[in-house]
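Handing you this structure, nothing more for now.
The letters A, B, C and D name the chains in turn, as written, and every chain counts its residues from 1.
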Amino acid sequence: MRPDIVVAGIGETTPVPADSRSIPEMVLEAVEAALADAGIGHRDLDAVTTASVDMFDGITASNIAVTEVVGAVMKPEARISADGLTAVAHAACQIWSGAYETVLVAAHAKTSIAPHRDLTQWALDPIHVQPLGVDFLTCAGLQARLLADRDPGAERRWAEIAAKRRGGAMSPDRILASPLVASPLRLGMCAVPGDGASAVVLRAKKKGIGGPILAGIGYDLEPHALGDRDLTRWSGLERALDRAGKTAGFEGRRPHFDLAEPSCLFPHEEELFVAAADLDEMTEISPDGGLLAGYIPIVAGLSRMTSATRYFRRNRKAGALALVHGTWGPAAQGQVVAILGGAAS
Amino acid sequence: MRPAAIIGTGQTDHAKSRDDVSQPELVREAASRALADAGLRPSEVDAIIIGNMEMFEGRALPELWVGEGGFANRKPCLKIATGGTSGTSSCIAGFHQAASGVFDIVLVVGFEKHSEGQTQTGMALTDPFWDRGVASGALGNFALSISQYMAERGVTPEQAARVAVKSRRNAAKNPHAHLKDANATVADVLASKVLAHPVRLMDMCPQSDGAAAIVVASAERAKKLCSRPAWVKAATTRHEQPYIGDIDRRLLSMRTLRDASRSVYATAGIREPLKQLDVAEIYEPVTYAELAWYEILGFCSEGQAGRLIEDGVTEIGGELPVNPSGGVLCANPVGATGVIRVAEAASQILGRAGAHQIEGAKTALVTGYGVYAWADAMILGSEP
Amino acid sequence: MTERISVQIEMNQSWRYASGAAMERFADGLRQKRIEALRCGGCGRRYLPPRPVCGNCHLHLSEWVPVADQGVVEAWTVVYLPFLDGRTGEIRKGPYGMALIRLDGADTTLNHYLAEADPTRLAVGLRARAVWRDELRGAIDDIRHFEVMR
Amino acid sequence: MIREESIRIPFRFAAGRAGSLFLASLRDRKQILGSRCPACRRNFAPARPYCPECGAEKLDIVKLGPGGTLLSWTEAPGRGVFGLIRPDGADTAMLHRVIGPFEGLRSGMTLRAVFAAERIGHIADLVGFEPSAGGTS
């Protein structure tokens, strides 16, 4: 029987638009905090699973820069180029496979070093799409328009969601008056990418090892071409959730989630998330404001897991469940979820 | 690790340039061949892993565009990138996923199209405060370490040339190899132009366009789907400190490859590799490295690598055939190169290696090499 | 056979890399032709380039030690293939010498250019000395190359 | 300390079987090609090497457009106006540029493909789609 997995420790830098430190310095802070939080040292790690993207770091095999600070010297490291929550999903498979018992997951990005919107063009079909000057935000605008056309009140509602997520820092009216990014999306509605790193220690559950249970994982990749996708719903999240439910033993029915920590870059994505995850009103969403309060590409999904872990530490309720979520690609082409159980010992 | 097995492999015909197909089509070519070899329909695949060093083609998150080629639409798909070990590390990730109980069938596809970028693309984007200021690329870095290896172990250019000859002649029996020459001679190698002393053109691996795929199955699905699966007996990875100057006497010590190989030998019960291994597919970007790996992998004692190649021990028909496929020296699409090693070793166990089949191969060693000294090692066997 | 069409896209991209504190101090030193390594309190290894932690001991590095601008050639080659010169962005035509040099006072080796480009005059064990450029910008290629001390 | 370093590298992406046919058709006949999957009985724009739904590789080439329907659009200041346009005869939309006039631009309107005078076998041979005369009805 495969072991239960516990989120034994978490650590991260405070997301900021621009961090003057180097990538290794940021990752070192997150990793050392996570190890201390888990009460272990580097020697206790069986493996490290990292998430980073060469194009965003401007370095070939850019994880070479963090090998020493994540403690991967003379150790196994799997390096994934997608949202950090996919590294959690893969680390869970590594532990369930019996290969490892203690895995450090670390993700980083430093988007202040180059215009992130322009770099995303290099992820799009270079034959039919990239040459037109399209990027991830333009794709998000096309999805938002499709949704707004069906629902006249949408833009006002989105402004209100964004205002709430920003803790009132910008009023809905000021958000609706902020500069256009990709109509109908305005700057005030968009999560703005910054610099940072997050780290999580996952351990096979044993006596004396406590923390929220990583009950299930699931991820999915939608077709690449926007025209091949149904942009009115997050069907990728539905599939990812079904897979996570299966690994968590929920067999088909959608459990009630006390907490949801989505990686939504825009208000319309939050509405797509709530619909696809079939959440009820009792579910608390993004108590820390979510990505609109601070967003680091590739780190985002992992930062949702650290936020959910903090929630469980504040609210010890047996049987509580959290839905942790990450995305990557144009209009969330990639979706990843983790189901966290609050049954901390 | 719980058992998992490889039940099918597929490769493109690796070449200098495959401008007849787009990147997704190149991935599809290897993926569909692997599924056919495994006797599976695409719908039976539970997860896909892509291996690729996207900066060589100037891409970001390449699985988003090419995933469809690997049948990844509406399926779990993620991408692994760890330099030269991207292929072997992708396969190891596939083993872990297939042994986790989460996925039963995992398709791993590695690919690269060097012809779409520039040869020095990867090397131009090294550490901007150190390597980039003083750069000579993988070639120069290897040539440096080779001078140490030759000075200390007395290996000669002729012995290195024999590795190139073995590689080109073996590749002539491998339809997928990029470079091949059934009649290659030591003289040909020694006549090829010096790129960086003492490395000559035929000592060095090419840059190729190509893709390779394997189908990994959970234990119970492997038994149902394949009469003689290639079982994963052991697999591990070791990474190293980030700079070439951190690694003393690199080709002589190579602690990462040494430790990874000892770890998989111990797990798989291998005490005398030369006798207990039936075949090895090792990652040799340059002839001298294959000789160095013989010693690091315990095929012979230190300083004896030259004798091993001279005595034909590592030829097809020798006591331990090394790289019967022709190896990296005859095909090197970086993201796929490690998967080619695994696919070739698995094909030997599956008995499907064709013209370069090693009769009755039951135990195979696979290694991966990348960056300055990252290493993967694995043992495949005919028994779980 | 259908026509094979390709789409050309030029990448003209720059990144603003952050050096980190240790490399910043190292770079400042180079401007005064001063080379410093960071010594690990655990294993005593003196690292070039400097970095936040020792990967073997997982200890923070904070003890700076002076390093000479000369040392022993531990590995060498002569490159005949043209290669992209990171400083100028132009192609550096061969032949040019390269070496791994263990500078007096450091435990790691420095990968740098050699003035010597004749393989018959190069060997492991020779000593070599840095030749600094006139104009220093705080980068390791402020050293133009190393000349073999005969 | 921050150091800015840049690289200039030309990349050359092979369009592949279907992609080359599609781009050559824009160039030589100002014609938008799609692919029909006989199994799924759906026409995909632009032409495809294999069906995105069922993976089939034997697809039939179909002629699409020049008219089309605007399913969605977005204005990205400084970058252009883009749309998801379903060319006549296709079941799926393709992403391309929308050319003015932009007043009254709304999803559902009909558009017309605009081709460049000089065409080289590139997606920009199709400059984009503009509202067709009766488009705003």
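One rule holds in what follows: contacts are C-beta pairs under 8 Å (C-beta built on N, C-alpha and C of every residue); 3 or more make two chains touch, one makes a residue touch a chain.
Since we're looking at a predicted model, the values are computed, not measured.
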Legend entry - Among all chain pairs, the one with the most C-beta contacts: A-B
Inset, instruction - Between chain B and chain D, tell me the centre distance in angstrom, where each centre is the average of that chain's C-alpha atoms. - result: 39
Legend entry - Euclidean distance of C-alpha centroids - chain B vs chain C, Å: 29
Legend entry - Averaged-CA centre spacing for the pair chain D and chain A, given as whole angstrom: 31
Inset, instruction - Please work out the Cα centroid separation of chain C and chain D, and write it as a whole number of Å. - result: 48
Legend entry - Residues of chain D whose C-beta touches two or more other chains: 3, 5, 7, 9-17, 19, 23, 52, 122-123
Legend entry - Contacts with 2+ other chains: residues of chain B: 19-20, 22, 58, 68, 73, 116, 121, 123-125, 128-129, 132, 241-242
Inset, instruction - Specify, in ascending order, the residues of chain A that touch 2 or more different other chains. - result: 58, 67-68, 73-74, 119, 122, 126-127, 131, 223
Inset, instruction - Pick one for the touching-chains graph, please: line, ring, star, complete, other. - result: complete
Inset, instruction - Sort out for me which residues of chain C touch chain A in the complex. - result: 7, 9, 11, 13-21, 23, 51-56, 58
Legend entry - Touch list for chain D against partner chain C, complex: 1-15, 17, 19-21, 23-24, 121-123
Legend entry - Partner chain C, residues of chain B touching it in the complex: 19-20, 58, 116, 120, 123-124, 128-137, 139-141, 143-148, 151, 193-199, 241-246, 248-249
Legend entry - chain B partner contacts - residues on chain D that touch it in the complex: 3, 5, 7, 9-17, 19, 49-50, 52-53, 55, 57
Legend entry - Residues on chain A engaged by chain D in the complex (per definition of touch): 58, 126-129, 131-135, 137-139, 141-146, 149, 179-185, 223, 225-228, 231
